[in-house]
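Both complexes below contain subunit A, partnered by subunit B and then by subunit C.
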Partner chain A sequence: MAETTSNAESNDVALRASIDRSLRHPVMFFFTSGAVWLALAIVLGLVASAKKHSPEFLSCFSWLDAGKVDGAHMSALIYGWGAQAAFGIIIWLMARLSRKECTNAGTILTVGHLWNLFVFIGLICILSGNGSGIAYMEFPGFIWPLLIVCYLAITIWSLVQFQVRDAGHVYVSQWYLLAGLLWFPWIAVTAFLFVFVFDGHPVMATAIASWFKGSLFLLFFLPTALASAYYLAPKVTGRPVYSYNLALFGFWALAFLGPWAGMQKLVGAPIPQFLPYMGAAAMVLILIPAISVGLNILKTVHGHGDIVAESPSLRFTSSGIVLFVAYGVLSFVLHTVPAMKMTQFSYSGYGLDILGFYGVFSLCAFGAIYFIVPRITRREWLSRRFISWHYFLSLYGVASIVICAVVGGVTQGQGIEDVAQPFATMAERASQYGWGVTIAWAFLLFANLFFCLHLLLMWARLGRRSSHPTLLKGHHTENPHGPEGEIDNIGSASA
Partner chain B sequence: MDHTRDNPLKRFTAFWVALLLVTAFGIACIILRPMTHAKVDSAMEAAADDRRAVRAEVDNAQRKNLNQSALDEAFKAKAVSLLKSEPKPGKVAVPKPAAEPEPASE
Partner chain C sequence: MSASQSNRDMRPDLDETINVSEAHGAIKDAPPAVGREKSLRENGMESVSLLLILVSGIVVLVAGSVMGQGGSFFGYGETVKDGYMRGKSPVKEEVPLPPISVLALLQKEGQKQYAACASCHQTSGMGGGEFPPLAGSEWVTGNTEKLAMIIHNGVGGPIEVAGNPYNGNMAAIGANFGPKELASVMTYIRTSWGNNASLVTPQMAEEALKISKARGGAPTTAEELKKNHDKMLPGDTLDPDTLLDPETWEPIPAAE
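Right after this comes the complex of A and B.
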């Protein structure tokens, strides 16, 4: 009996190692190129933020005009970093959970290069003044079908793996992965057709672009982040998910509310008035899935504070989930009617976007990367200090951006609403918070330089040759990283 | 490997079903588009047509009545006369600035 169990375990280890091996090149490519795009996006974000309070900054370069650099910053952040981090997480997680090796790594890797090429061309177009000028869809029209085809070529194999998985239980993470995989083409294809192809009314094209902007986070990036969190929290703590019913409720709440969000930014625009208010209602109600997911994940790790403190993956993931609850609360507050009236044309929307995209998605993605990379490279992270610096600077940077943008946005909105005050007074008030945002982007730049360098070293297989994971608070009796070289004697890294 | 669930035929079918599923939204949009988008002449578009017609008429009339060669000649002649003429004081009287008021005594 014991021998049978032992055989099953060794088969399991071998299967996991073969899955990791099959995905090594595409996953590492997505993570490292995503990290490089993230560093570039942050530099552009720094310039874009500086231009908000000091318009003369770098004004000698016409390709760095405020409108161009802002669009380039968000596009690099979303399609350069975010999409590629999501691809890496999706293909690895779906293969692991479906227990199927990837047989199309070459195709995925090739298409991954094409994705990077198209993002690069799109970015050049934006900076040369040939962007579309539509928020989150700044790339010119011809780039979108190419990106959508690349998306299909990268992710369709995960759908096939899910379909041919061994019979049995479908885990929570797989619900989110499957939903995100299908929701993205829905929103991207619909938005592309109605904004760039069909000759509809321009106001409705604006409304659809706004819907795409809202749904992109809620229906693609957020499900990917939650899939990762639902995988890592039980895996690292060694406990089952706190409540499956709560997980089910959170999933369907997001599935029901997510597609309605987005048009709230168009309150007062000449579109049917129920559309912006429906969007605002959905954003208010996002608090429901935020609380249910937050409660579920945090209850799962509850009582394991030492593991959360030690494990880089769990620390980043738990922080991302806490920030998801904060996102729900902030979304609730900012989308009530009086707050919307005051903040509609202010920085506060940017603060909420960055909280979602960087605070929730990116922190969960970092958690996943710290977990996945040692398994596929069979090397451990080199430096716990690099990880700690990355964590604290990221958290400090994102918190500062959100606080400055939201508080500054409210102050700005009050200034706009107060007709007795000159417009310059409002601009002066907002510019002080703008300085705060710029300094916070500088913190994030430092954080990501540590991350990017660390990841590039891991890609070059210069990580530690040990089976002991790099913990943030180690209490080893011998070498804090364990004996060197023993990783080569086993199938894959454990823990 | 569970051969009842994972075999080449199953993978082939899954691939095409997945492709159909993710492109279904686009296909549905393209099919439904003509059904939901009849040609509508709104009042604004009709007024815009009238404005375009007036604009075209004005542009044509201007083009027809404009003698470009005569205009060029006239400009050339005027330029030559301007170059030959010497600057003279103008006839328009330039008002002198008003005297500054005396500083108020303590």
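Right after this comes the complex of A and C.
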């Protein structure tokens, strides 16, 4: 009996190893190029943020005008870093959960290069003044069909893997992965057609673009992050997900609400009135999936504080989930009617976007990367300190951005509403918080320079050859490589 | 196998029955990270807590109140939200508008009023077809009283303008003009398109309104105008460069 168990286990290990090996090139490519784009996006974000309070900054370069650099910043962040990190997570996680090796790694890798090329061309277009000027869809029109085709060529194999998997239980992460995989083409194609192809009313195009902006996060990046969290929390702690029912509830709440959100920024715009209010109501309701998922994941890791503290992947993931709950609460507060009126034309929306994109999605993605990379490179992370700096600087950075943007946004909104005050007073008040946001981006820049360097070293196969995971603290404080010759850590270690 | 054999041979201090990698079930090819992974287990079956459902209920209530503000569901006709406009400042604008010369002020106001005239006389003041030109017309640049009567009462019957005979009917376009409007439109047409006549002050226009009132109100004819009204309106002329407050139209005393 014990023999067969151990035999089944070693078969499992062999299968996992062969799945990892089959995917190592595309996944590593997506992660490393994503990390490079992230560093670039943060540099652009720093410039964009500085322009908001010091318009003269770098004004000698016309390709760094406020409008251009802001669009380039968000586009590099979303399509350079976010999408590629998501691709890496999706294809790896779906292969692992469907227990199928990837047989199309070459295609995925090639198309991955094309994706990078198109993002690069799109960014050059934005910086040269040929962007579309539509938030989150700044790339010129011809880039979008190319990106959508690339997306299909990258992710279709994951759907195939799901289809041909050995029959059995569909795991929570797979719900989210499948949903995100199918939602993205729907929202991207719809938005592309209504914004760039159909000759509709421009106000309608604006409304659709803002719906795309909301849905892209709620229906693609968020499900990917949650899939990773639902995988890593039980995997690293070794205990089952707290509640299957709660997972179902959270998933369907998100699936039901997500498509309605997005138009809340257009309150008072000449579109059918109920649309922005419905978007706002959906953003209020996001608190429900946030607390359900938060409760479920945090209950799963509850009582394993030591593992959360030690394991880089679990620490990033749990922080991402805590920030998802914070996102839900902030979204709830900011989209009540009085708050919406107050903050509509202020920084606070940017704060919420960054909390979602960096605080929730990116932290979960970092967690997944810290888990996946040692498996596919067959090397351990080099430096405990790099990971630790990445974690703390990220956390401080994102917290500062969100606090400055939200508090500054409320002050700014009060200034706008107070008609007795001249406009300049409001701008003056907000610029103090603008400085705060710029400094916070500098934190994130440092965080991600460490991350990017670390990941590039791993990509170059310079990671540690050891059987010891790189843990953030614990038994090996005096020597991160562990006592010489110690190999037996199969039972105790979890990275 | 031979690799592990040689490995065993190179480390004589280990008991030969304990092959470390075999003992731990690690597959030769598998990286250690894969080997030490824990398996996913069945999901827990805790029930959804009552508290969560209560909190969700409150969130739904708040969301409902937000949605209630949006008017009727799927009401595609409602595109303007009442009360969603910036209020007026309770504090008066502190910076006064800069003073402006009387000529420029009258011309600016006159140009606005002229929109009513432009449909016949054209923005170029050249008229066309059955409509006489204003540019170079002696009725415009000549004595001001007859011009005021034409604008205020209209004109009908044969009339000769700039050497050409016309025979039409002009309605009393300026019947509702006050002195400011009348003065400014008269000044505008008398000083535009190459016309270079004197300006008409609001005081003069007020006199014109009095004369017109005494007259009755029927459309004038060219004959009547020549007989009764071929003179300048009474009133002091004003230096065109006199500075006025653009809001009150009062002259501004020269700065000390």
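Following the convention adopted for this analysis, the second predicted complex is superposed on the first by the 476 of 495 C-alpha atoms of A that agree within 3 Å, B and C clash if a C-alpha of one lies under 4 Å from a C-alpha of the other, contacts with A are read in each partner's own complex, and residues count from 1 in each chain.
By our rule, a residue touches a chain if its C-beta (ideal position, glycine included) is under 8 Å from a C-beta of that chain, and two chains touch if they have at least 3 such contacts.
On a predicted model such as this, the values are computed, not experimentally measured, just so you know.
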{"item": "Combined model on subunit A: subunit C and subunit B, fit or clash", "value": "fit"}
{"item": "In the superposition, subunit B vs subunit C on subunit A residues touched", "value": "C"}
{"item": "Subunit B versus subunit C as contact partner of A:Val160, first or second or both or neither", "value": "first"}
{"item": "Which of subunit B and subunit C A:Tyr242 touches, first, second, both or neither", "value": "second"}
{"item": "Subunit B versus subunit C as contact partner of A:Arg16, first or second or both or neither", "value": "second"}
{"item": "Touching partner for A:Ala135 - first (subunit B), second (subunit C), both, neither", "value": "neither"}
{"item": "Touching partner for A:Pro185 - first (subunit B), second (subunit C), both, neither", "value": "first"}
{"item": "Touching partner for A:Gly200 - first (subunit B), second (subunit C), both, neither", "value": "first"}
{"item": "Lowest C-alpha to C-alpha distance for subunit C against subunit B (Å)", "value": "7"}
{"item": "Subunit B and subunit C footprints on subunit A, overlapping residues", "value": "none"}
{"item": "Residues on subunit A engaged by subunit B in the complex (per definition of touch)", "value": "100, 152, 156, 159-160, 163-167, 181-182, 185-186, 189-190, 193-194, 198, 200"}
{"item": "Subunit A-facing residues of subunit C, complex", "value": "20, 24-27, 29-49, 52, 55-56, 59-60, 62-67, 69-81, 84, 86-91"}
{"item": "Of all residues in subunit B, those that touch subunit A in their complex", "value": "2, 5-7, 10-11, 14-15, 17-19, 21-23, 25-26, 29-30, 33, 37"}
{"item": "Contact set on subunit A toward subunit C in their complex", "value": "6, 9-10, 12-14, 16-17, 20, 171-172, 231, 234-247, 249, 267-268, 270-278, 280-282, 284-285, 287-288, 291-292, 295, 299-300, 332, 335-337, 340, 374-375, 377-380, 419-420, 466-469, 487-490, 493-495"}
